[in-house]
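Residue numbering begins at 1 within each chain, and the chains themselves are lettered A, B, C, D and E in the order written.
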Amino acid sequence: MLETLPLSLDAVRDVAKECFDDGWRLVTMSANQIDDAHFDVIYHYDKDLTMKHYRLTVPKETVVPSISPVYFAALLVENEIRDQFGICFSDIVLDFGGALYLEEEVRAMPFCKVSVAQKQS
Amino acid sequence: MFGNMINKGRIKSPWVVHFDCGSCNGCDIEVLACLTPIYDIERFGIINVGNPKHADVLLVTGTVNQRNKHVLKNIYDQMPGPKAVIAIGACGCTGGVFREAYNVVGGVDKVIPVDVYVPGCPARPEAIIDGVVAALEKVKTLLGMTA
Amino acid sequence: MFNMTKNVVTNLLTKSSTRLYPIAVRGHFEGFRGTLVCNVDECIFCRSCMIKCPSQCITVDNKAGTWACDAMACVYCGVCVDVCPTSCLSMTKEHRPVATEHQTIFLQGVPKKKKKDEAAAE
Amino acid sequence: MIAKIIIAILALVLAPIAGALISGVDRRVTAWLQSRYGPPILQPLYDVFKLLGKEPMVTNTWQALCAYVYVVGAALSVVLLFTGSDLLLIFFVLTVGAVFLVMGALASPSPYSQVGGQRELLQMLAYEPLLILVFAAIAMVTGSFKVSAVFELKHPMLYDIPLMFIVLGYALTIKLRKSPFDISACHHAHQELVRGVYTEYSGPYLAMIEIAHWYEVILVLGLCALFWSTSVVGMVVLVALTYLAEIIVDNVTARLTWRWMLRSAVGVGVVLTIVNMLWLYAQ
Amino acid sequence: MARTILPFGPQHPVLPEPLHLKLTIENETVVEALPTLGYVHRGLEKLCEIRDFNQMIQIVERVCGICSCLHALCYCEGVEQIMGVEVPRRAKYLRTIWGELHRMHSHLLWLGLFADAFGFESLFMQFWRIRERIMDIMEATCGNRVVVSVNVIGGVRRDLSPEQCQWIEEQLAISEKELKQLSDTILSDYTVKKRTVGVGVLTKEQAYQLGAAGPTLRGSGWAQDVRQTGYAAFGELGFEPIVEYGCDSYARSAVRFRETLQSIDLVRLAIARMPAGETAADVAGAMEDDTPKPVSAGERRDIMQAYNRDKRHRFVTAPPPNLDLPAGHVAAKVKGKPDGEAVTRVEQPRGELLYYIKGNGSKNMERVRIRTPTFANIPPLLAMLPGCELADVPVIVLSIDPCISCTER
């Protein structure tokens, strides 16, 4: 299926730098909750229409280093992930503080299944 | 006599302001298509003024969400009376396919009073013209004019 | 500089391309997904349309034999027409007329009795 | 004297009606050029009557005053034109009105209105020297700044100063808010400043401005008509052709920036004036 | 002049959509631009948890009304990839045709709005008049003008009859003729060039590093188009991307204008080469298929030469032509549930669209992540705006073809 390369938390920015120097283009990042306490963050890079994907698995409430100082384009998607999953990124170039899309009254990290489950119970 | 002229003007010159309130663009482009040669709603004296202070009819497309409900309310309040609101498309009427999504409040009538509902996903330009005509009929009865 | 002149002068000298709706109605193409209609006499209240509807605007009660559709939430995708086993759902060519209030289509049919019940009745 | 008063009253009453009809025809012809059917000819009248019936909503009373002064200025300049008064006086009255429009726009807090006002000032900076040049040229031909002096000429002024007519056309495009110079406000809302200077005026005050615009249309077309002062048919034909040309230019150009407008207006104005004057002397 | 903060949007006549830019201007020059998003955010990615994976097709179509067909195409390709379905060749061609028709209508729409942004109203009207023809084709073949709902998992819902194909070709020939008449104006008119050339410059390096996509990237000299990867039937049509090297708004509009003409050719080519056969595969096993041959240069030329016909090009209020509908379509039978992950990309009118889909073996998807082209084009926009004149802001904002409902979903 989807072939992904593993990525560790420390290497996030180094890998980004390496890809940047190699001429890879950041397509986007996708976040996904895999179980109650873990998230997947997948970095999609593209070069001449071939793609490579790095999968970073982090436990809840980890601060992930932002790659927006390397790829300016990452700022929107990192803010979006912060909005929707509550994964914080350190040193985002332009930080919306969880208010990229959402107003105060719905600031409940809608994509976190745990919080949804808590709301229902 | 002068009052009659004013009432006639109200029927003959409904300036519209269009607000996209979180729609998928489908209805928006159909609203814009109404302005273009094939449908040409300027025949009815309709101009898209883009400034709520000049407008008589508010065309709202799309679902209302948490952030733009304030904007919508604000635009509605800025319009001087008499005014009419037309909700366009399934989203404008009820929220359409998105009404169960987390950031969606629902149809336009949750925030401001709506005079005419134009169903369709997206609403056809013909349906939008029908909607404006229906809104004018409503204005006519309000003014006590007989067709 | 005035490259558009030819075009606008042609437009001035020829008939405008406006369709004078609503004075002259052009009509829609064959196969246009217009208003959803339900022939409730044929309906077997199987609830396929209710389950498949992406907008979840159809409510079918198989006990009471009712078929209801929130006409304002319908997105005219035609999925229900495709899945209907008895072809009692269809779409007309005309778009749904505008309304000044919410509309719900509510149809009361005769609920189909199960074979067992029919046998019992006899 | 009595004849003059009658003319003045007629001009005061008929000018807005004629202006409204001309605007209506303008909108209709524009629609035809775009392959549309177009609104009824009386549409501008309907618009204004509707606006008069709207709730007045003003951000401050100063703005209402400005709208009134603008109308009075425009109306007075038309009356002055038709009573054969001084061209410089007409110019002065017109400018006062226009300045009040800008002041009203600048008095409101809306940034669109502010920027629109600033641009309107720039526009005035562009068209007023042109008008002055045209008036000076007329004075050179007739020997007086009086409008009535034009009518004493034996042959149309267009023969003597054709290039000045083009300069006037330039000013006309700016004054009628036609593309490529519809930068501070235009009748179609699709632009960066919503409706520019008009943004903050609404309801009856917008109607007022609309009426003032009709007066201005009559005034500028009246100035055009002066170039063929010998026969009424000539006047009508000249004005109609000029207006048609304006509409076509409106439809075949994009809106340009104010820098370009200022540069080209001053450049074209000065060059054409010099050429025309040289030609006039050479004769 | 002092610094003024000008709120650009969310309700603004230039943009049909609520994008809010806070512009700090000084002497009509933009110093800083800050975006505020969220006016269209609905959260529809989350709906995949309460709607089943077939219903999601209709929902992703409504991410954006302008390119709905391509959203559905991308989603369906993803699910098909997970479930291992081979789509029949005819369905692939039909998807290509409708996808390209969508690109044409989107580009024409954009060209009109772009003309409007620099105050050229009659050009706007002309582009939208041509666009109505494409909308008619859409209505006649799919049953709706904008949201066409033709893609399903395993194929397409509708077919084209030979009569319809011929009618489409006639309509396209007229559109092409009308479009070529306008090329003079949009590509070489003095006033238009005055407003677009050198406005909104995005250098080649910047475009790549900031992750621009679609015509914004190609207008800056990169020949990158996802259609080159040959999804749907593009692999067989000999597709080549259109590139411009001007790096400004003019280059981007030229890319879009030329792409519109290219799309007309692609649709013709697809119609001419469309094989007979099924339009939908039952989603359970894979189909066997012969290996298709890519189009040759000679074949391409022959097909193109058949279109130099002259036709009347006026709309009439006469009823629409009564076209034969294809005899009964076969809907795909979907059995099984998607389980696994897939990343698919298609080229939307605005650029590269990416779907990350994860199924967990139930009827609901676990995650549908949509990365739309405008999302990628906003950082370049923020880089282009500072330093420009206020009058150029609408031109620059429109030059990336913003689609906010895509961006925020």
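Things to note:
Heads up, the rule we're going with is that contacts are C-beta pairs under 8 Å (C-beta built on N, C-alpha and C of every residue); 3 or more make two chains touch, one makes a residue touch a chain.
Bear in mind that the values here come from a model prediction, so they are computed numbers and not experimental data.
Note on connectivity: the fewest chain-to-chain touch steps from subunit A to subunit E number 1.
Common neighbours of subunit B and subunit D, by the contact definition above: C, E. Sorting all chain pairs by how many C-beta pairs they have in contact places B-E at the top. The chain with its Cα centre farthest from the Cα centre of subunit D is A. Ranked by how far their CA centres sit from the centre of subunit B, the chains are topped by A. If each chain is reduced to the centroid of its CA atoms, subunit B and subunit C end up 23 Å from each other. Chain centres here are Cα means. That of subunit D falls 44 Å from that of subunit E.
One simple way to say how far apart two chains are is to compare their mean CA positions; for subunit B and subunit E this gives 27 Å. Centre-to-centre spacing of subunit A and subunit C amounts to 42 Å, using the average Cα coordinate of each chain. Shared interface positions of subunit D, i.e. residues touching 2 or more other chains, are given as 31, 33-38, 188-190, 194, 251-253.
In subunit E, the residues touching two or more other chains are 12-13, 38, 41, 43, 46, 58-59, 62, 120, 122-126, 129, 147, 189, 191, 315. In subunit A, the residues touching two or more other chains are 101-103, 110.
Listed by chain label, the pairs that touch are A-B, A-E, B-C, B-D, B-E, C-D, C-E, D-E. By the touch criterion stated above, subunit E contacts subunit D in their complex at residues 1, 4-7, 12-14, 25, 28, 115-126, 129, 189, 191-192, 194-195, 389-394. Those residues of subunit D whose C-beta lies close enough to touch subunit E in the complex are 33-36, 111-112, 114-115, 118, 179-180, 182-183, 186, 188-192, 194, 251-258, 260. Contacts from subunit B toward subunit E in the complex involve residues 17-33, 36-38, 48-52, 62-63, 65, 67-68, 71, 75, 96-98, 100-104, 121-122, 124. On the subunit B side of its complex with subunit D, the touching residues are 5-10, 12-13, 15, 36-37, 40, 42-45, 47-51, 53-54, 56, 80-82. For subunit A in complex with subunit B, the touching residues are 101-103, 105-106, 110.
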